[in-house]
Amino acid sequence: MSVDLAVDVGSLRLKNPVLTASGTFGYALEYDDFFDVSVLGGICTKGLSILPRAGNNPDRIAETSAGMLNAIGLANVGVEAFCTEKLPNLRARGVTVIANIFATTVPDFVALAERLDREEGVAAVELNVSCPNVDKGGIEFGVDPVAAGRVTAAVRKATKLPVWVKMSPEAGDLKGVGIACQEAGADALTAINTIRGLSIDVRTWRPRIFNKTGGLSGPAIKPIALRMVWELSRAVKIPVIGIGGIATAEDAIEMMLAGATAVQVGTASFVDPLASKKVLDGLGAYCAERNIAARDLIGRFIQT
Amino acid sequence: MSGAVTAASDCRSVRALHRVTLKDRKAIGSAYHVLTFESAEPIVASAGQFAMVRSETWGSAPLLPRPMSLLSAGKDPSILIKVVGEGTRRMAASAPGEPYQLLAPLGKSWSKIPAATRPVFVAGGVGVAPLLLLAEELASAGGPKPLVLYGGRTAHDLPLLDQLRAVSDVRIATEDGSAGTKGRVTVLLSAALDEVGVHNQLAKVYTCGPHAMMAAVAAMCEGRVPCEVSVETPMGCGYGVCLGCPVPKVSGGFLYACTEGPCLDATVIDWGHRKAGA
Amino acid sequence: MSVDLAVDVGSLRLKNPVLTASGTFGYALEYDDFFDVSVLGGICTKGLSILPRAGNNPDRIAETSAGMLNAIGLANVGVEAFCTEKLPNLRARGVTVIANIFATTVPDFVALAERLDREEGVAAVELNVSCPNVDKGGIEFGVDPVAAGRVTAAVRKATKLPVWVKMSPEAGDLKGVGIACQEAGADALTAINTIRGLSIDVRTWRPRIFNKTGGLSGPAIKPIALRMVWELSRAVKIPVIGIGGIATAEDAIEMMLAGATAVQVGTASFVDPLASKKVLDGLGAYCAERNIAARDLIGRFIQT
Amino acid sequence: MSGAVTAASDCRSVRALHRVTLKDRKAIGSAYHVLTFESAEPIVASAGQFAMVRSETWGSAPLLPRPMSLLSAGKDPSILIKVVGEGTRRMAASAPGEPYQLLAPLGKSWSKIPAATRPVFVAGGVGVAPLLLLAEELASAGGPKPLVLYGGRTAHDLPLLDQLRAVSDVRIATEDGSAGTKGRVTVLLSAALDEVGVHNQLAKVYTCGPHAMMAAVAAMCEGRVPCEVSVETPMGCGYGVCLGCPVPKVSGGFLYACTEGPCLDATVIDWGHRKAGA
């Protein structure tokens, strides 16, 4: 493809705007049978914590109309195992790695960022301040501009890596949170994380997932994500990366028109492990057909 | 998440998303159907492995593919389904020619049967699928003929009985007594374990069926004979990235059914763990 | 059916818990060809304003995955025409009428409530303080506990009718808003209104609806609505009426288990004008089979 | 919302949700299909009325039924569809036996043709459906034979041409010249209006097709001959409760296409109004 798909997320140039969303793509090594993941703009790792986490009890997932609920509980190998066991392989494959990190305190966020700062092959850190599925921490940071700004500023100081902050759709003042993160030195905002939902089995009167509530993802939330990305991208100067229900190239284009500089494919990878590659191929074809660069789509939604 | 204890063999072939076409759908009784597909490339799989199955006609709802044990592999892979919800309802209504995607082969297959061991299979309902394939593999490899204990609520809940009889010794139990012994399949297992004990034989139990049945089988085997189960959990992806399919371990923590299972040593599993919604 | 389906929404006894949602059932007279709407627990009228409103320019609706966006703009005949042209017919048919009202100022809300207070055949007023589709007013009341409490208290004083307040899913502090309304004298809370979303046509780069954003409704939002109803019903003592994506009896049962005293069927009526009746029939069958009363379902979700 | 100005007749029969079965689907060219259903109760409708059409297999996505003009009514109602998106794509892939729901008859039909008036129909693509039915109604009632001006991009975009010829005088225009006059259908209309002018005839135009075509037809008729259009708008419900189908009026405010239309006097409509997404 001679079409120019590169986009700049702040100082970070991505070869194309198609990334994969944290928690929906493992550590990317799981895709060796399916396709060469280094063709993607980048991959976001499963959320990493300082210590390994086993995650929530089953059941962790349940399907809803055009969506799914999950309460995985941030099961992950821990940042140390990630750096020693996963990252070298990713580096060898030439994958652009965004490390999604999760903690319940500001010092722990800082420790995670410092640990990753020492490694080669991490392109950016993404702060998950918006996970709805853990008892403590996570979302409290993401719904409050002051707290979000505080954690962002602390991480900003602790690392040379670009800092992305992942927005919670449950913030009453989403723009305020975004602006606070921008002012605290975030390089980009990613939006959105899942939206808390509930599902009850009418035969047993019990919740379908052990954690009771879970995060809603998939096509069902796309219009909401799109609206939030549009609002956010008009409120801040830093790039916004769009996430939520993206399953096709058209979905990615819609998200970029709304103001996203890049996109992340999430739940769609469960439906088809090749989904992210297909989104990329389709985006390339769309741009080629119209003879435009991918960056020409960003925020070009006609609003008059 | 790490290299965990599993009883399963390491037989592995390359996983891929196969675009296939429904060739034939045969209804068995009211709730069971065998779906046979036509695949351009053959699916190389062993008994116990599964596929994530989805019709291309589903659009965005149902959203996720459904895990189904492979009843056969190759160029005409097949599955046995029981209608329990929206996804299986649609599969049961689909007509030849419908385009499907099969992500396969997935998961760990049944472990090899140790030498000089009598294989005893305990099957319940659609749980028969991976055990029938295992019996067929044994037959074509000239292995030992398994004893299959097959249970269902009624005589109508014993799909593929004839195929099973062709490759194994089958004993039947139905809860309503409409075929074979009246009662649960565990009654048959109790007798079978006593028999092998009397004859001083080595035996190994392989079981697949409803959770409660497998838990009962595992409990009966514990301390007497090795037992391997094929677990059923909800699955998001089927290939290890969503972490939606944990199986609680006795030792704490979880195994992931889609990559570390579905075939697992029964003693590794914490059977007492309450399932949500159950 | 000998099964007892009656529920009490505060002092208002409904013969069954199945209502229809405002804006999705017209003025109920449109159903004469389809079924006798007086069998329902009640109907909520299209949002009424003091003066008639023509509504937004087309296009007003667009479909999304398992949902739809709408920006009708509260087109309605006005409260006066409602009282003189619609209400007498509803009264004659024995329909339990909940008047949904909309205004941009507290005095206008009060004026609407006073006007309806003079009529016979209105069972309750439902304050729409959560409409996302109008330039001015509506949602500002619904996302702020203080403002929501203020309008509720004013209306409470102006009418003898039960006052229901319709919650916005966009309130950062949903429970706070609910509690404020309860303390201001609301008889019930209804939740949820639509969630703002966006959809862009990737061929034309224009919004699919004229108003750009619209409210998302339908099965896609059901898990979110269910979670909010669950949270709200545990935070307040007054009844909560559940709305959002209810299309089948199972959906209604799930909502009641989560804590709803009654439910409203919305978008499903577009898919099938008989949807609300089918929900009612299915609920009756479910209760009959289990030999329980409808009220035995309320909040009985097993959480241990 | 109030009793507004419409040109349409008041012919009315009871609307109902008909559970029907797809009896036959005939593909015409690549994008057009005629779907014929089997309905237990006959649907009594007049030309110009429509149905909200939905397959029971859709589940929750696609969600809303799709408005489609009735091509015929009775016990075997039919529609002519063009594939433009997900809903029509599914209709075009559906097989006989598939269960559908038709909410019908909906909306106002075409108004009666005034005495001693030459009916001139202007049809574009699937817009031919309500006009073919009108021509058939006229033929069976012994009414005047309409002149039908039928336009499409190519000769492949003129579905049901033969049926149309059986009940009317047809003139054709295609943009690529592959059939009839090369150019847009409005060229034919210009000539036809001149003819009736020369013969001092009364004429009335009925048109259905793409928005731009109908706007051009309306403009050409304005001040010369009466013109009635059948509008297409997105629709949520089809029976007047969602208020999702407004048509801007010249006099301000809106008409609702599903209850006050779809057949409307062209002069009532504000054609200059920009459509979202267009």
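A few remarks follow.
Think of it as A, B, C and D in the order they're written, each chain with its own count starting at 1.
One rule holds in what follows: contacts are C-beta pairs under 8 Å (C-beta built on N, C-alpha and C of every residue); 3 or more make two chains touch, one makes a residue touch a chain.
No experiment lies behind these values; they were computed from the predicted model shown.
A count of contacting C-beta pairs for C-D and for B-C identifies C-D as the more extensively joined pair.
Greatest Cα centroid separation from chain D: this falls to B.
In whole angstrom, the spacing between the mean C-alpha positions of chain B and chain D is 54.
The geometric centre of chain A is 35 Å away from that of chain B, both derived from CA atoms. In whole angstrom, the spacing between the mean C-alpha positions of chain B and chain C is 47. Across the assembly, chain C contributes 65-67, 204, 206-207, 218-220 as residues in contact with two or more other chains. Touching two or more other chains at once are residues 60-62 of chain D. If you sketch which chains touch which, every chain touches every other chain without exception. Of all residues in chain B, only 57, 59-62, 86, 90, 93, 95 touch chain D in the complex they form.
Across the complex, chain D is touched by residues 65-66, 219 of chain A.
Chain C contributes residues 64-67, 69, 143, 170-173, 195-200, 202, 204-207, 212-213, 216, 218-224, 226-227, 230, 245, 250, 253-254, 257-258, 286, 300-303 to its touches with chain A in the complex. Residue ranges on chain A touching chain B, taken from their complex, read 23-26, 30, 33-34, 46, 52, 54-55, 57-63, 65-68, 70, 72, 75, 77, 201, 204, 206-210, 218-220, 247, 267, 269-274. Within the complex, the chain B residues that touch chain A are 1-2, 14-17, 54, 60-65, 101, 103, 233-237, 239-248, 252-254, 273, 275-278.
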